[in-house]
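Here the chain labels run A, B and C in written order, and each chain numbers its own residues starting at 1.
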């Protein structure tokens, strides 16, 4: 039977720029902003997070810093400047700032007033190949570690951009029913196949949501959603290969109509199996870099130039399929036009939690203090 | 002498989106939306017509269907889904719709409520290589056939996009005086050539407008404009070749600043002459596909990067010239700034008819029931 | 010590479109619009100056003309038409205009009303390789010549576009303190080098501003800013080569977020030295045309894809550095957020002069009549 969503509560979880409610909520948590491997010592880059631009640089000490986008003098983008020790010097007139944003030099001023100049800075942490930063108003909370990712095995780190609201992808992660459709095997036939569609139950937990999907053979797959924007699923190895993986994904808004996923996976392999895994990945990468990107393929599909069903097997095909399904909802879907069903219970629960927390934040009420157990267990029924 | 256009009547025939007057008027008529040959059985594509997006697909039976752009569930673009028999199944969660828009399956719902879900659908007709659809509120009118195109001979079907309002091209079709200028022969010299500019008369008919252009040698060229957006002209064969053609062109807004022309021509050739025609066309196509497109050439001309007068002879040069002249007016020209002359009588008549009909539509008055004779005759004086 | 800029006076010198105060001011002066060498006899091009579009063409006589962008008939862009003698004929219906904008032919009108049709035209002057035009309401002022550029030597003429407000570049020209940073030599090291930062003084003159920069060795470099938008500096020859140059640069808005620089330099060389110069330039050009453009390189830097510090030496590297610093301020910087210092005295003076003159223009008060001496002398301390 149809589930009626209540339009009464119009709390906006989509817009995350400065001054928005959802933006304020997300800023209470550490967020990944860049891959460690892509930030070279002595270099600076511009980044955009939740509709705000910042400068990210890696000092000579190896530490990563996030400071304001523009020099306080006359506004030039700091990321085009020089990194000197652990400071950054503006490209235009050489004003230099340390990693706290304190101006420490104004070379052209005979009477320097650097001590009066301080730009914004955000604390950072590097962890397992991602650079995290904290953008909130209050003191940064303790940094959360993930025991699931600190086990023995190989670590994979990656990132991709998707051209739709982060919330489309949060809902996609909660929603196991799409898998048999969006990610049908390439041998999927279109005539009357019995899809193995899971029966979904979901419940709120101390850390977010636990999702259970019971399949036809009775096996139950458990995945976890950690508030505010993290998905933890168990990834199965490619057919016949070794390597179950614990896969965590953070969905971080770039702006209201696009977001980056930052992904860390711990793969249960070692020794020779690990070498074989790395070799397989290296070969896949050799092939992928010669192809149009996953984002480019999704754009062609949505424009009607090619069919997603005609795309030859490639190692990122699942990602292309997700781009298509979620960008295909529209960058910001019209949720007033939806017709939800019982199988959407997890999505309904997700929105209820978000609306409750944002409502409390708006009224100055108590927010739920999310707590996670030492270790979560995700399973895969396959 | 100068003709003063009356600015009093500001009836808008330019904007054709949902809820506009001109859009409501155009939606009373069948409109071509796609080339039959470009819609493969079992495939779906997105289309945009008069500012609205739809899904177009060809079922396994061969029939073409137009349904709403988005799945009713959570809004994913239906054109990326699967065609199964004559239904379309959404890529995200597999909701399936028949060609009337009725939802017939919701695979993940244990208690399906598919019977409560119906999305919009529009009737279609295929005719002589074009797929037509009807987007109006009332029952679809009878489909108009064209005896001129059903004679013996070869049929050519094509389509192109132009980056300006459809009304610029309606006016261009009505306007024979531009031909000696915009379509001057490549040997046209710029100094004092006697152009053969036709003397124009135009009168309203039961079907739209008959346009007469008397040339210097006394010959009269007759062309027809059929309301609301169809041009019928006689096309002359390329010099020395066989094949006069009856050429019909529909101008269908994509949105307010661009439109597609859909063209069907009946060429009076058969047997060996037909074979020679097809061979000539094949050779021309081989050349054209290696060149920048006509749209790309027009864009370069309007940007000032190349001169339209320097473009080497190519089989689509007339089309490039028309793109340049009409896009060159601006996507939506400022008609308040015009200075019309007597030679613009046909354009003035065209606008009078549109304003009269749209005014009647706005006030709930009687609209003219356009009726066409069994067969129209267009002639060419050349 | 910090200089507080007065936010009280919010006179806008950034927006220069028709109807703006700064636009009205700039239109009182002749402005360069095109390179003479790029406008071929018998050709027409579209140009955009201060947010307005025009048609520029060169008649058969060799004279350059600026007329309105659109034909008065039905609005087609005149630049796609034909140049006939010193007239321009519209591509659509052949209306012909002379260089004063007077319509002289309406070929399709049996009773021509051409005498009633006149489009706008702007007087032009060609000088030392640039085409100037006057866009103001009053009679054009006398055309200013530059004795510094009429000396014996070689003339270089060029133009480039920059994707930010013209005022960013006016300020950059006034501002000598940026040179040791933005244009550091490639051997510049980042650790504690003593930059040779000039001590700046600036004073208003009869023609604009004289800027003095005293360097560590006591040498004073003098440059001149001529109101409203001209920079005159002495350019030093490349190391070891001959050829000091007097370099003038006009900054002409295309629109509020981009502008063109038009540059004329008189190089003090002759005979064999001149030949060697031209050969060096020819070789540099051969290399540059194969590289991504300076604009493209700056865009990649600002997007964070490459570092400006990693760009290999190339003859336009200084220009890339300036694009980066000034586009890096934002197309229209937020001047309310600035923290100016004493070294910014020249910029503060520049803005005071602009605000004073624009304020007078707004109130109908007396404007300063800028007067330049027969010859200015710019010096370089190097």
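One rule holds for everything that comes next: a contact is a pair of C-beta atoms (placed from the backbone, for glycine too) under 8 Å apart; a residue touches a chain by one contact, two chains touch by 3 or more.
None of these values were measured; they are calculated from a predicted model.
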Query raised in the report: Could the interface between the copies chain B and chain C be described as same, meaning over half of its residue numbers are common to both, or is it different?
Result: different
Report summary line: Superposing the Cα trace of chain A on that of its twin chain B calls for a rotation in degrees, to the nearest 5, of 120
**Report entry** Chain centre separation in whole Å, for chain C relative to chain B (CA means)
**Finding:** 45
Requested in this report: Return the residues of chain B touching two or more other chains; collapse runs of consecutive numbers into ranges.
Outcome: none
Requested in this report: Over in the complex, which chain A residues touch chain B? Could you list them?
Outcome: 1-2, 171, 177-178, 180-182, 190-191, 195, 197, 199, 301-304, 307-309, 321, 324-325, 328-330, 333-334, 337-344
Report summary line: Listed in rising order, chain A residues that touch chain C in their complex are 43-47, 70, 72-77, 79-80, 82-84, 89-94, 106-111, 113, 116-117
